[in-house]
Structures are given as structure tokens and as C-alpha cells.
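The data blocks that follow each hold one structure.
Common to both upcoming complexes is subunit A, partnered first by subunit B, then by subunit C.
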Partner chain A sequence: MLINLMRTMGIALLMTLVVELFVILLLTKESERKAVTWLVFLLANLLTNPAAVYLATIGHSYLTFLPDLVIQIPIEIAVVIVEWIVYKGYLSRPLLCAIAANLCSWGVGIMYNRLF
Partner chain B sequence: MNVAIYAVAHMFVDCACAFAMYGAFMGWQNAHIWILVYNYCAFALQMPLGALVDGLRHRGKECSREFALAGVILTGVGIFTHPAVLGIGNALFHVGGGVGCMLEDERHGRQGKDFGVFVAPGALGLFLGMKLATGFGTPNNWMYLLVCVALGLSMITICWMVQSEWQKADAVEAPAKRHLPMVLMLCFLVVGIRSYVGLNSTFAWNKTTALALIATLAIAAGKAGGGFARAKLGTGLMAVVTLIPAAVCFGFGHLAVMGILALFLFQMTMPVTLYLPTVWLPKWKGLIFGLMTFALFLGYLPRYLHATAPETWILGVAASLISLLMILIMEGIGNVD
Partner chain C sequence: MKAKKVLLSGIGLLLACMMTIPTLHVYADSIPEPDDMFAEEHIDECELDVRVYRTKEETTAYVSPEDATVAFVLETQMEIGGDWSYKDGNGHQWLLVHYNQKTGWIPKAELEVKYDTISFEEEHKNELVQYSDDLFKNVDLSTVKDYRFWKYPGSEDCMEITDDDGFENFDIFSFFYTDQNGLRWGKVDYYRGRVNSWICLDNPNGDYEEISKGTKFAHEEYSPAETTNETGKSEKVKPNVDATFVYALVGAMVGFVVIVTAVILIVLKKKKSREEP
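So, the complex of A and B:
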């Protein structure tokens, strides 16, 4: 169980970092792409992603009467709010970046589970 | 360029929605409820979302592109999750893309030509999505990937548009219009009637994929051409030269050529009913777009409730002539051109 959870969290973190990096690259200007921005991006995801995956996995296991979507949506909203606050000082459109990046990584995660 | 990007993305989004609805969600238990939920989210929600876009514009934040971007991404999520998510994604994209195209049209003084260009590919997207979902057996993973790649490309191009600076909201004052509620209601009715006719027209010749594709292309061409025809001829003349021949063609709709021509001509008024209200209420483009899509939703309800529809030729002839009358009244009392 623990090894499976760690494996899931590792894959999720890796995929999230790749997808969100791509989205943030698309939505930011050249002047915003500094080393400190990427460090903040990495830290924000290290902060939010494992916690989100852990909560979603626990919810899926113990709150079996609830559809996955009902568990995932509040978690994703919380992640967007945290990342929005973190990005505020570093990006010109922090809310857009947080929403677009998290929707994309969430979508890719669901697609991965559905297709593979 | 932006309108072309929105138009292609519109085709991909509608294709993805039709693919998911026909390929996955139709198989769910109580599918009829999920179809209603999807249609409600996709059409009726555009009105409040449109009002939200307008509200943000009035505060100086033109964010139609951001709405379109969120719509494309949420549509991608919706394919794998729930019809409601899919519908919300669809509504966000349509409001964002629709308002974006209206603003582009206004900035370049194109008098509604861009509206048709944006709306037309939707019909083609729905056709492709439906065929992809039902024409090759059960949808497989490669089809899902194909749809996701199309949405991904749309997302990347819209991100590229978002990259440019936020534009200041245009402070166009609404010209004083007499009888505004009346002309808006007439426009709403014309859109509702067109939706009802579109969903209840069945032609005996429309049995093969090739003819279905040609009919879909005729609808798309009608929508796209309508904007150009209106800009060239003016509203009244354009309505006369399209809807009277459309009524005649519907009368002979049992012949494939006449039926296709009827669909083409009848759809040409679509950009008119989208353009005119934005001339009357330039500050409320999003709300107007949402209001008209709500009329589409109401036009869909009788079919959902299994209400019996008249024969297609009677329906087509009557709808063409009633629409013509309403547009002429609108032009007369609204002094639109």
C-alpha cells in the first residue's frame, strides 16, 4: 500500500511538473522566465501536488460513497488558490497561470488513468 | 488571424463534445438526464458566463481569450469525467470565443462577417465528432488521443493569443434604441425557431454519410456566408433574398439538391441574429451571445420532450416565412442599419 502510494505520488509529481511547466511557458513573457520563478514553481508544486494526490487517494479509498470527481474538485480548487497566492509576486497573470496549469495537469492525470 | 484560430478551435471543441457524448456518456445509466445536463451547461450557462465576461470588460479587463482557453482545457477534462464538466467547458469556450470574435469584428469594422466564420465550423465539428464516436465501432484509445491532440493544439494557439497584452475594454456607448425589448425578443424567437427547425428537419434522402456530410457543409457554408451577405446587402434585403428562396427550396426538400440548398439559405440568417443585438447593445456582447444560445437551448427542448414535429417541408416553409417577417419587423422598428 505505502509503496504503491509513493509510486503514484512520484508519477503524479513528475507528470504535473512537466505539464505545468509547459503551460506556464506558454502563458508567461520572456521577462518573467527567471531562475527564481522556476524555483518558486518547483516549490509550489512540491508543496501542493503530493498533498493533493495523498488526499485524493485517501478519499478514493475511504469515501467510497462519493464519486471521485466530488473529491477531486475541492482539492483542485484548494491547489489553485495556494498556487495563485504563491505565483502572485512572480508572474503577471498568477490566477490564469494557476487555473490553466492545474486544469491541464488534472486533465492529463485523468486521461492517463483512463487510457493506460 | 485570431478569428481563424477561434474558428478552428470551435470545430475541435464541438468535435470533442460530440465524440464524448455519443461515444461515452450515451452509454451511461439514465443517459437522457445526462444529455439534458450537458445541454443545459453548454447552452443555458452561456448567459451568466457572458454577463461575467461583460462585467470584467467594463472593469477594463478584456478576458475573452482566457475564457476560451479555460473552455478548451475543461472540455478536455470533461471527455474523461462528466457531461457537466464537458458542458461547462463548452460554454466557457463559446462565450470566450464568441465575444473575442465580436470584438475582433468590431475593431476591424467587418460588420458581422467574423461571426459567421466563427460559428460555421461548429456544425462540421459536431458531425466529425459524431462520426468518430459511432462510425467505427466502439471508440478506442487512439480516438481519444486524437481528440486530445486536437484540443491540445487549440490550447497552444489560444495561449499564443493570450500572450499578447490584455486589451483595454472598449468604451462604446450603446446607441439609444426605441423598442429595444421588442426587437430583442423577436431576435430571440428567430434563433429559437432556427434551433427547433434544425433539430427537427428530417430528409428522406439524408441516409448516406456523403449526403450527410454535404448537408453539414451546406449548413456551415450558410452560416459563414451569411455574415458576408449581410455586410454586402444589408439586413432586410439579405433576409428577403435568402429566406424566400429557402421557403421554396424547403417545399421541394424531398429532392436532395433542393433540401441542401434550403439548409444553406435558411442558415444564412444566423450571423444576422448574432450581429444585430450587438449593434443595439454593444456593451453587453457576452450577455447577448449567451441570451441567443439560451434560445438554442429552448429550441432543443421540444425534441427532448418528444413533442411531435410537423413534416419537414411544412416546418421549413413556415419557419422561413415567419423568420423573414420577424427580421423585417426588427429592422423596421429597430432601425438597425
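So, the complex of A and C:
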């Protein structure tokens, strides 16, 4: 069980990093893409993703009367707010980047779960 | 330049997705493979179990018999097809099921099984016979055409009507049964993709009304999937793992990562604000 949970969290983090990297690349200017920006991007995802997946898993297991979406939406909103705060000062459009990146990674996550 | 970067990012995304996607399973015609991680790892201890089951009450399906994570919850009186079964160290039987494109394991004690050929064979085991010349001296299988495959003798469910040619001999039948109307039936374990079905040898293409001759074959539609377990107790069966402990452990690890990351981010932010005028 521990291994399965860790594996799920590892896959989720890796997929999120790849998808959000793609979105951030599309939404930022060349001048914004410094080493520190990528470090902040990595740390922002390390801060939010494992916690979000963990909370969603706990919610899925214990709040079985609730649909998954009802559990995931507040978690995703919290993630967007945290990433928005983290990206402030590093990106010119932090809110847009946070919303777009998380919408895309969430969508890819849903597709992955449906497919596999 | 920008287009090249986007292209490279796209290729990177594709490669990363390919690396994270589990290996796809090949389903051979006669050698099914489970598409569940636990079943794959315990394939030698699992048995094919493609029967129809029904939940007695609202039933939780777990990620595995050793993982208390909830996969999904099934409603009361819901019919679901089985896939593989597994017996855990405490003697509890578990069934692998698919629901909403997910797999989950359910204790069989919480299920009922729908009457099928296995139920029939258990109920009539003393009446099932092997081939004998005496029994079939006036049956010519080569003239049998447009025959029907039935779930079990007396079933109203005709699985298939086929226009295949007749049979050369009785080899395709594993055993035989004579019903209350004196009609002789042959059990087909496997024949050209059909599994576990019966043919009425005295009336191969007759419909239910012709075969039953008005006599209803009485049986319970559902019966308990697991009557008693090895412990002899009727306690609620759960995966043999303390989920609370695992969740607490992972929660502590996640908490540690969050705190360390937050500290680094705060340090970075302070350093940045000091550097900026």
C-alpha cells in the first residue's frame, strides 16, 4: 500500500512537472526564464503537488459519499492560490500561469486516470 | 526559435508521458492476463473467476487485498462481473472487478453469485456422466446444424445460435446430463471461442419452450459467493493492512517536504527582495 501510494504520488509529480513546464514555457517571455525561475517552478510544485495528491487520496478513501470532483476542486483552487503567491515576483503573469498550468495538469491527470 | 522550443517541449512531454504510462497488457485469446497490479504480482495465487456477482449491500472495493485505499464503492444489489479471485492469508476470498474503468478487490463474503453452469454442476454433480456408447447410440452429431449454446440445462438464456457444421465426435463434450424431460445435454468447456456452455443433443436447435416442455427448472437465482471462511466468523473482511498508519506515515513525509520547500522559497524570496533596490 505504501509503495502504491508513493508510486502514484511520484507519477503525479512527474506528469505535473512536465505538463506545467510546457504551459509556463508558452506563457512566459524569454527574459523571465532564468535559472531561479525554474528553481521556483520546481519548488512550487514540490510544495503543492504531493500535498494535493495526498489530500485527494485521503478524501477519496474516507469521504466516499462525495464525488471525486467535489474533493478535487477545492484542493486545486488552494494549489492555484499557493502557486500564484509563489510565482509573484518571478513571473510577469503569475495568476494566469498558475491557473493555466494547473488546469492543464489536472486535465491530463483526469485523462490518465480514465485511460489507465 | 520559439516554434523550435515549443516543438522540443512537446517531444519532451510525449516522452515523459510514455515513460510514466504502465506497460500495456496483451490479451491472448486463450490466456487472459490481469490488468491489475496486485493480480499481476500474485498471478500464481489467483484464479480466473468470470462469474456474475451481486452486492448484498453498499460494498467497498479496495485497491488490493493488501491495500485499504478505496478504489470505488458499489451500490446495493448491483450486478458486477468477476475477473480473478484470490485467497488471502486469513482464508478470505477476494474478487477482482472492473467498474468505471477502474479495478478493485471486493471480499467475496459481501457478494452473491448468480446461478450459472458452475452452480448447476455443483448442484447436479452426482447426475453428470462421462460419455458412453449406450447413452448416445442413436445420436448422430454430424447432422446437428444451427445448434444453440445454453448457459446450463434448463436455462432460459440461449448464449448463441450458430450455423456451424455438426461435430465429428463427442470429444468436445466434457460430460453429459439427462434432464427431467429425458433430454440429453453435453457440456462444452471450450469450442471455437465458446466457453462453459451446453448443447441439448436431442434437440440442438430447439428454443426454450420446445426444450423445457413447460417444465420450469427451479433454482435460487443468487446464492452466497462465500458461505463460510476458514475463521468461521462473519466479521467484515478488510485488507490486511493498517491504512491509518500508512496514511499517517505518508502524511508526515508530505508535511516534511512542504515545510522544507516552504522554508527554501521564503529564503529565496528574502534574498531576492534584499538584492532588489
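Things worth noting here:
Following the convention adopted for this analysis, the second predicted complex is superposed on the first by the 116 of 116 C-alpha atoms of A that agree within 3 Å, B and C clash if a C-alpha of one lies under 4 Å from a C-alpha of the other, contacts with A are read in each partner's own complex, and residues count from 1 in each chain.
Criterion: a residue touches a chain if its C-beta (ideal position, glycine included) is under 8 Å from a C-beta of that chain, and two chains touch if they have at least 3 such contacts.
What you see is a predicted model, and the numbers here were worked out from it, not measured in a lab.
Overlay on subunit A: subunit B and subunit C fit together in the combined arrangement. Within the superposed three-chain model, A:50 lies in touch with subunit C and out of touch with subunit B [touch as defined at top]. Subunit A is touched at more residues by one of its partners, and among subunit B and subunit C that partner is C. Judged by the touch definition given at the top, the superposed model places A:26 against both subunit B and subunit C. Once the two complexes are laid over each other on the shared chain, residue contacts for A:114 go to subunit B and to subunit C alike.
By the touch criterion stated above, A:69 is placed in contact with subunit B alone, subunit C being left untouched. Applying the stated contact rule after C-alpha superposition, one finds that A:14 touches subunit C and leaves subunit B untouched.
Using the contact criterion defined above for the overlaid structures, shared-chain residue A:58 touches subunit C, although it does not reach subunit B. Of the two partner chains placed by the overlay, only subunit B lies in contact with A:104; subunit C stays clear of it.
In the superposed pair of complexes, A:96 makes contact with subunit B only, with no contact to subunit C. Subunit B and subunit C, viewed from the C-alpha centre of subunit A in the overlaid structures, lie at an angle of 90 degrees when rounded to the nearest 10. Taking all C-alpha atoms of subunit B against all those of subunit C in the superposed arrangement, the shortest distance found is 9 Å. Residue overlap on subunit A between the subunit B contacts of one complex and the subunit C contacts of the other covers 26, 114-115.
Partner subunit A is touched in their complex by these residues of subunit C: 5-6, 9-10, 12-13, 16-17, 20-22, 37, 60, 63-64, 66-70, 73, 101, 239, 241, 243, 246-247, 249-251, 254, 257-258, 261-262, 264-265, 268-269, 272-273. On the subunit A side of its complex with subunit B, the touching residues are 23, 26-27, 29, 69, 96, 99-100, 103-104, 106-107, 110-111, 114-115. Taken in their complex, subunit A has these residues touching subunit C: 1-2, 4-6, 9, 11, 14-15, 18-19, 21-22, 25-26, 36, 39-40, 43-44, 46-47, 50-51, 54, 57-58, 60-62, 64, 86, 89, 112, 114-116.
Per the touch definition, subunit B reaches subunit A in the complex via residues 66, 69-70, 73-74, 76-77, 80-82, 85, 141, 144-145, 148, 155-156, 159-160, 162-163.
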